[in-house]
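Consider the two complexes below, in which chain A is the common component and chain B and chain C are the respective partners.
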Partner chain A sequence: MEEFNILEHNFVPKHSVLNKKEIADLLKQFNISIRQLPRIFANDPVVKALNAEKGAVLKIVRKSKSAKEAIFYRVVVDA
Partner chain B sequence: MAEISKKIDTITFGLLSSDDVKRLSHVKVVTPELYDKEGYPVDGGLMDTRMGVIDPGLTCRTCGEKLKDCSGHFGYIELARPIIHVKYIRVILDLLRSTCKDCGRILLDDVKINSHKEYLDSLDKKDILSRRKRTKLIRDSLKNIRKCPHCKEKQYTIKIEKPTIFTENDKRITPIEIKARLEKIQGVDIELLGFNNEHSNPSSTILTLLFIPPVTMRPSITLESGERSEDDLTHKLGDIVRINQRLFENINAGAPEVIVEDLWDLLQYHITTYYDNTISDVPPARHRSGQPLKTLTERIKSKEGRFRYNLAGKRVNFAARTVVSPDPEIEFNEVGIPKQVAMDLTVPERINQWNMERLKKFIERGPKTYPGSNYVVRPDGKKKKITDETKEQLLEELQPGFIIERHLMDGDVAIFNRQPSLHKMSIMCHKIRVIAGRSFRLNPAVCHPYNADFDGDEMNLHIPQTEEARAEAETLMQVQTQLISPKHGLNVIGCVEDSVSGNYLLSKQIVLEKDEAIHLLMSIGMEDSSKFKKLKAQVTGKEIFSVLLPKTLNFVSKNRADEEVVIKDGELIKGNLDSNIIGEEGGTLIRKLHKDYGDEKTLSILSMIFKLGIKALELYGFSIGIKDIDLEEIIVEKIRQVMNDTNREVKNLISKYHDNELETMPSKTIEETLELMILQLLNRVRNRVGELIADNANPNNPTIIMANAGAKGNILNLGMMSALVGQQALRGKRIEKGYDKRTLALFKQGELSPKSKGFIETPFREGLDPMEFFFGAMTGRDSLMDTALRTPKSGYLYRRLSNALQDLKIEYDYTVRDANKTVIQFKYGEDGIDVAKSEKGTINIRNLIREVTGK
Partner chain C sequence: MIEEYKSQLPLSIFEDAQKELKNHKLTKKQEKEFFDKLLESYKSSRIDPGESIGVITAESFGEPGTQMTLNIFHFAGVVELNVTLGLPRLIEIFDARKEASTPSMEIYLDKQYNKDINAARKVAALIKETKFRELAQEFSINIAKLQIEATPNKKNMRDLRITDQILLKTLSESIKEVSVKQNKDGTIVLKPGKEIELKDLYKLKEKAKDTFIKGIPGVTQVLPIKQNNEFVILTSGSNLKEVFKLKEVDKSRSVSNDIFEVLKNLGVEAARQAIVNESLKVIQEQGLDVDIRHILFIADLMTASGTIKGITRSGITSEKESVLARASFETPIRHLIDASLVGEEDELTSVIENVIVNQPVPLGTGLPGLIARIKKLDGMKNG
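And then the complex of A and B:
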């Protein structure tokens, strides 16, 4: 079967990995530690597709009924 | 009690060893006697004052504190022989089976021990689940090992016999033997068996010392006769101490082993029932009266146990419960209570020099004449009941500072509630109104927030007893503060039923003489006569309605018929009022009033609108009779034609099916295709009939009025009454066979006609024939079952959901976070809108612009 990139699938919202500076800014913006972010397992297909390491933070732009677009951040943790 | 300020960091659960018991105890109990001749607790008895005190006069000998300040201390009994703890029999069995009877090693070879050990060591300390899983696996794998891999000793099967007897090869193993074996288990083995080496030694599952709870945990009560009655636990412990002593004596006297063993078993029985008196195969220990004792497990467990009964379930005084009935004459924020209730529930009022004379009258009237009083509380806290005998004396010693508990009167504050309390609107504050009768009265408009009806519903009433509680209830819980629901930002209280119909008719067609109009307005409590001057000799309903509105109100909205309803400067200019404008859950006018004028004003206007509707309907003379559901001959003819056409089409389909000419729909069988097509045809009949009736309806027909106003019913309901009832469906299909290949025995087998599959061609007005009635009963029963089964399920689902979400909170930065301040959502609802201040979760920009620009 042909390999396909799940990130391009219509039902998968846009995921991107934040860099160090962006993470620091994010944590500062909400005044939280990295442990207080919502989590995502390292064995999640999206994390594998992005090659994200443990401790990386993903920015997810989802479609939202109420706000058109909603931004979420999730930190990669061990399964 | 002294201030304790300690923060709990961790809690460790483990087994209590003999050393622990001794360390935690302050008394060794040696005698079953409780009190000496003078009635003082005996030293070394079960009520020893070193274990705490329950008499107000005594001091605890351990901490020196009195009753209120000493929470009690533990003691212990030294058991003559080891006893098995019933709650650990499964654990003990597992331990015995998975270890060698001789050398005490775990029945695993060294290789396996190492691999398991490695796995367990690799686990996170907090990952108790995986640890448990693995140790369970180990224990289960060792059940049938026949030979010890370490000392090569042969192993036998160990079984449990009845409650607490272990046998090996059908020979009994005594608790002494068991204890010896468990003590042999050492080191790594303990850990592999699922025990924590530090604070749980396997041998602690066999008791040598019995831990005794403090006296304060099992207080005795003094009966009216002056006799003492001990707690169930004390009774049980007394039995244990007595038997234990006899066992000691017999052993020391060198009695025959049979006698000792009998006593030992008896002690085992007593200790077993001390922990749990509901074990099967163990006869429960009983009082002399024959009722079973409530011992440790029963104290905690199930509905009547500590958790659900005492901790989760709280009981209160100053509460009443009875049936509710409607009363549209009382205000929304009032509740009618029977005089009987008003004379039982009281409000405390403190006497001062200004109210003394007034309050004296309440005492004079006493508890038996209505606005009287039941108790007087003196400043020293003594509570005196008011009776004919004490009345005189109480009046004499009365002075400022005394509190009298007087009967409820109109205007007092009450909290009213109906279960299930799923809402914050399920418990609201009302003002008391004392009425005749034996039921609580509430305005039908507040049924909706409580989800109450009057088919036998009961509701609860509570009377706040302090100024703080009353103030809180009045400012936060009164009905007017709850007009807008936080779940969608719409009004939960509005006009219902007759009031909607009345306002609809009023705004649509009623015209009154001036004096009639003023009479109508006065009757609903419109006392501001300044607006009456404007009224002309002939007054339209819209003008009457406008009298209630504030002069500054500007409002535009759409009603159910999709017409514009316009209010300009407090005058209703255009449009008919219906449930979209003044109803509950989305009455746009009420939402607007609340936004512009606030709680109080909205409530008073709404209350008048509500009453206006009812009075207007009375004036109009609204009623319904059989002739109102008669149809004109032309329409009857048209309906007959629709029916004939449909019947013919169905027949066609059926014959096509029999001739195998039917085209099968994708992924369906031919039978399914036929069924689907017939059902489509038959369902179309209902809609066609609805259209026919709607198109030819007389707008003055009462059913049509109610349907158009949104008060009750719809065109389809009218169709069922006057034209035909239509297809009865079970699980989205026509009624299927109840007998062999047919629904009823009077049909042919395999019959597919509409009639035989639950299509009802007659209207309710004409009555149904037996088959039709039966099909109607089938669907009726089905939906009844459905609701009866679904309510508890969805109730439980909702409970779980609300428990899961209960401590989520919106922080000031609009994030939703849980109790650990972990982010759940980065912006509440993703758009950050406060739903309670919105309309259905959105903000109506058009209205905002209109307000600002005035266009």
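And then the complex of A and C:
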């Protein structure tokens, strides 16, 4: 039987992997190091579904009640 | 031209502004002026750096919390399922308890099943955990033949769509060293393969009663109800992983109130959403009003590490860098002893430790240090 793709669940916002340049721009924009970003574990179901590797930065576009769309970032770390 | 404002304003404000602009004829210059004003007022209404939002959030939850019911056993509306609500539930969410006291799921159905009650009942029967106990009217021990006899409950079996063949097959597969047969009158006979004592026969009887026949383990109660023109199944007991395997279920909307289960199956972002929804549900159900930004803030804080950390001494509080800050929350002596054993130092960079040592706190205007750049005077060589 076909397995359910969790990325289609209503609770799971859109995740996308940033490339090197985008990561550099992001860190520069907020003047932070990569360790200061919120984390997501490498064994998180979403990370597995996206095949993201350790050290990758995910851009998360959440649906928000107050702002309609809210952008969040998480760095993939070991569990 | 308007596009450059899009990245600087929240989408909701930007879209509202665009909608409003359509009703008025403005020149390009006026439009720019309008957006500049809008941007300015948006920027001035943002929280300033150094504002102590944590305390504001704590107050915003604390005050309505005093008005919540302390009674755990509340029944949600017409539904006969027992769901923890009120303050106990809120504490459960924010403490990130591993075991929810009343786990439950809200299962949405595919289009072809959600229109009439019979179809929904059919799916509900698939989901409910069924044990042999519920399918038989009577269990008896035949002492002469040293065997167990059970009379099947035809009605229950029909409701749950279990045939005699399925029942016999599952029973013989799950109970070892027992031959399962059905007599002509319908009685199901369990005969141990080898001679056993009467005492063990009693044990076998209890074991047989608890034999899992079909359904989803953990789901003890199912209840199809009508919600916004479609049938939804509410359950008591939660097992999202198995529910996602059913083809009759609309998986993209089905959720559990067990936040750790959401974390395991759908990831940390979904868990954040679950925390927000669950706490909002409690607050609204009690007729209280807490701004959603406070809830979002707590949910973000709890999930920032990649897993769920409760607001407890073992959760996010244990991650604070300062010894004094940790000690000021709960069990101060233990924290101080542990810290002194490993020779921890406190940099006094945050609020509470500075309150303790009677220094200005780094909050608001106390946050920035002042750096003055003095112009080099003529004739001075080494600045």
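FYI, the second predicted complex is superposed on the first by the 78 of 79 C-alpha atoms of A that agree within 3 Å, B and C clash if a C-alpha of one lies under 4 Å from a C-alpha of the other, contacts with A are read in each partner's own complex, and residues count from 1 in each chain.
Definition applied: a residue touches a chain if its C-beta (ideal position, glycine included) is under 8 Å from a C-beta of that chain, and two chains touch if they have at least 3 such contacts.
These numbers were taken from a predicted model, which means no experiment stands behind them.
Student: Is A:61 in contact with chain B, with chain C, with both, or with neither (first, second, both, neither)?
Tutor: Once the two structures are laid over each other on A, A:61 reaches no partner at all.
Student: Going by the contact rule set out at the top, does A:73 touch chain B (first), chain C (second), both, or neither?
Tutor: The first partner, chain B, only.
Student: With both complexes overlaid on chain A, does A:8 touch chain B (first), chain C (second), both or neither?
Tutor: second
Student: Thinking of the overlay built on chain A, is A:47 touched by chain B (first), by chain C (second), by both, or by neither?
Tutor: second
Student: Between chain B (first) and chain C (second), which does A:24 come into contact with in this model arrangement: first, second, both, or neither?
Tutor: A:24 contacts neither chain B nor chain C.
Student: If you tally the residues of chain A touched by each partner, is the higher count for chain B or for chain C?
Tutor: C
Student: Touching A:36, do we find chain B (first), chain C (second), both, or neither?
Tutor: first
Student: So which positions on chain A get touched by both chain B and chain C?
Tutor: 38, 64-67, 70, 72.
Student: Which residues of chain C touch chain A in their complex?
Tutor: 10-13, 15, 244-245, 247, 251-253, 255, 262, 264-270, 273-274, 292-293, 296, 300, 303-307
Student: Quick check: in the complex, which residue numbers of chain A touch chain B?
Tutor: Those in contact with chain B are residues 30-32, 35-38, 64-67, 70-73.
Student: In their complex, what parts of chain B are in touch with chain A?
Tutor: Interface residues on the chain B side: 813, 815, 817, 820-827, 829-833, 841.
Student: Which chain A residues qualify as touching chain C in the complex?
Tutor: Listed in rising order, the residues are 1, 4, 6, 8-13, 15, 38-41, 44-47, 60, 62, 64-70, 72, 74, 77, 79.
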